[in-house]
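Dropping a structure here in structure tokens format, bear with me for questions.
Chain lettering (A, B, C and D) follows the sequence in which the chains are written, and residue indices restart at 1 in each chain.
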Amino acid sequence: MSAHLAYVAASYGAALIISAGLIGWVVLDARARRRELKALEDAGIRRRSAGGGAP
Amino acid sequence: MPFRLRVDGLGASRGEDPIFREISLLLEAGGALLVTGRNGTGKSTFLRTLAGLYPADSGTILIEGGTDPTVPVRESLHYLGHRNAMKRDLTVAENLLFWSRFTQATDDVAEPIDATGKTVQALEAVGLGGLGGLPFGYLSAGQQRRAALARLLVAHRPVWLMDEPTAALDTASERMVEALIAGHRATGGIVIAATHQALDVPGAQMLTMAGFAVPA
Amino acid sequence: MSDRSLAIRSFTDLANPTRFVALAGRLLPWLAGLTAVLFAVGLTLCFTTAADYQQGETVRIMYIHVPAAWLSMMGYSVMAASALGTLVWRHPLADVAAKCAAPIGAGFTALALITGSLWGKPMWGTWWVWDARLTSVFILFLMYLGLIALNRAMDDAGRAAKVSAVLILVGFVNIPIIKFSVDWWNTLHQPASVLRLGGSAIDPEFLRPLLVMALAFTCLFFTLHLAAMRTEIWRRRIAAMRRQAARGAASA
Amino acid sequence: MTALFLRDLKLATRAGGGALTGILFFLAVVAVVPFGLGPDLKLLARVGPAMLWIGALLASLLGLERLFQAEREDGALDVMLMQETPLVFTVFIKCLAHWTASGLPLVLVSPLLGLFLNMEPQAIGATMLTLLAGTPAITLIGAMGAAVAVALPRGGLLVSILVLPLVVPVLIFGVSAAYAAVEDPAPFLPPFLILIAITLFFAVIGPAAAAVALRAASE
């Protein structure tokens, strides 16, 4: 029975790693882009269609 | 209703950056338009938008008085781009024969399309009479450009869009291009050419592409 | 005053990226919180229910494997819907949605495959069994990889959006064919005695943790998807500003 | 339209044409198998149909990338886009010409290669028949990949990964039909008819999807 527990633990471990990986990637990516965006805006580059328009 | 090409407020952009805006013009049968402007100001894109190859994001292109209004605009246009649309492995005659049959408008099938006859005439018109049997790859750049010009002759289309027609051509051939344009206009056709060299096209409207310098 | 203008009145309002980013900003904390709660409940349920008499402890792997498999298919359906949005309604954000859903969907598909093989080891003694469903999920994983590679090969976002939308839809239309052919191929070569993944009919006691975990995974998917879309909008905005800066400098 | 068909045929069989490379690659793949699996005739006979199918699949995927790329590079694609005949039909004709030039020869050469793998005549006949029905589907699926390769400058590299999941059903039914003809219990007709159904299905989907991708590429 204990061998089975190892597989169960491995599965939940894999689930944890993949979820953490996805969450980490999204959060870090968002933070990096936000920093770049602020840097560009500080450099005074006004977006032509600041209101909205195509992304 | 005389045959006319009407363009209203035509505009196109690449992604978010505008290339040209609000271009309107009206060309009567036999009319011509010369498009000039510095490199990168959108001359080619303007022609490709007219040809329907590039999506315009504003404005309309209409052909009035055409034989059949339901036919989309691009089917009554010939487009000669920078590239010659010819296969190097096929002979010049084979290339033109193919294009003659392929671009033959379906309604012309009523009278037998004399493809070979048209090919021979077209080759004569561009001064490549004897070279029909040569593979296209053997021709010089100037001859290849003239063969590309012959493609416009093998199948009749009222409007010609020519992008740098005189590229790689010597002065004698330039006169030949001007003669071809005059001939097409004489038969009631319309010619729009984007060019750097001064082409002698009498009575042509001028359009200078200013390009879109974005305010810093 | 500005807050009212940010309110979402109709679906088309979502088309405006700025309003979408604002909405995402407001929604994300709530969604993340809900996901955390659902996972807490789900995980406790997973470990408090009795083991299955036949499969023993390994039935707990099912609580991860089955929701992950559902998620991989849901992810692809989200992408198919976005592809329709790009091609049919020309919705500007549809392409962003499709592009962001791909990596997340692929992540869940990988999870489904890993837990599938971890399930297979104690049951059939081999790490990988060419069982019909596992194989279908594997092919789905290949399709995800193809689309992610395609999205990365795109340099100009707008132009290639239609191309990837077409491929997503073609892939989506082919899923039933692939499913059918894999089942056919599986029954042809596989001796019929292979224990089917689903096992006996799931009695309610196992169903509860399964559903809660499925809900938790779905919430996780949408939280990540929303956040990834917001980041993608920023990325495209940054690219636009950089191009503008370059052009501004050139013409100054 | 026949003009396009004949021109493409001429082009394929001319010097630079892709027809010959397809056959040579197929020959290479099948010739390598005995060296890998060893000269045991019984094993080779059992593996025969599958190897012929895998070889034909890879060989036909090989020549597909250039299907539209050449047209785009010399500007012919622009003229084709401005035609009154719908682009879907033009793409279908090009696929037909490409299949006739490089798919059909694979089918014709498969009996010869079948002998290398010590397959009985009945198995060779069945494999040939299934290849005849299946290779058009591969060309039609590949057309979508080729259209993507034109649309994305770097897209060409990933054509095989995009096309692979779609080609799996064709391979499954092709090989199972080939085996069904040899082993008595398994019926030959069902997998064979499904194979034909898949080919017809892609005859519609393939060109349509490729046309949309090509039009997007011309921008």
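By definition in this document, a contact is a pair of C-beta atoms (placed from the backbone, for glycine too) under 8 Å apart; a residue touches a chain by one contact, two chains touch by 3 or more.
Since this is a predicted model, take the numbers as computed values, not measurements.
Farthest from chain C, judged by the mean position of CA atoms in each chain, is B.
When the interfaces B-D and C-D are ranked by how many C-beta pairs touch across them, C-D comes first.
Legend note: the chain whose CA centroid lies nearest the centroid of all displayed protein CA atoms is D. Chain centres here are Cα averages; for chain A and chain B they lie 50 Å apart. Spacing of chain B relative to chain D, judged by their CA centroids, is 37 angstrom. Note on chain placement: the centre of chain C and the centre of chain D lie 32 Å apart, centres being C-alpha means.
Chain centres here are Cα means. That of chain B falls 48 Å from that of chain C. Under the contact definition stated at the top, the residues of chain D that touch 2 or more other chains are 219. Multi-chain contact residues, meaning those touching two or more other chains, occur in chain B at positions 15-16, 214. Shown for chain C are the residues that touch two or more other chains, namely 158, 240, 244, 248. Of all residues in chain C, those touching chain D in their complex are 87, 139-140, 142-143, 145-147, 149-150, 153-155, 159-160, 162-163, 166-167, 169-171, 173-174, 177-178, 180-182, 184-185, 188. Residues of chain C that touch chain B in their complex: 156-158, 240, 243-244, 247-249, 251-252. Chain D makes touch with chain C in their complex at residues 144, 147-148, 151-155, 157-158, 161-162, 164-166, 168-169, 172-173, 176, 186, 191, 194, 198, 201, 205, 209, 212-213, 216-217, 219.
The touching residues of chain B, counted against chain D in their complex, run 48, 51-55, 71-72, 74-75, 77, 79, 81-90, 94, 97-99, 101-103, 105-106, 151.
Against chain B, the residues of chain D that register as touching in their complex are 3-4, 7, 10-11, 14-17, 70, 73-76, 78-85, 218-219.
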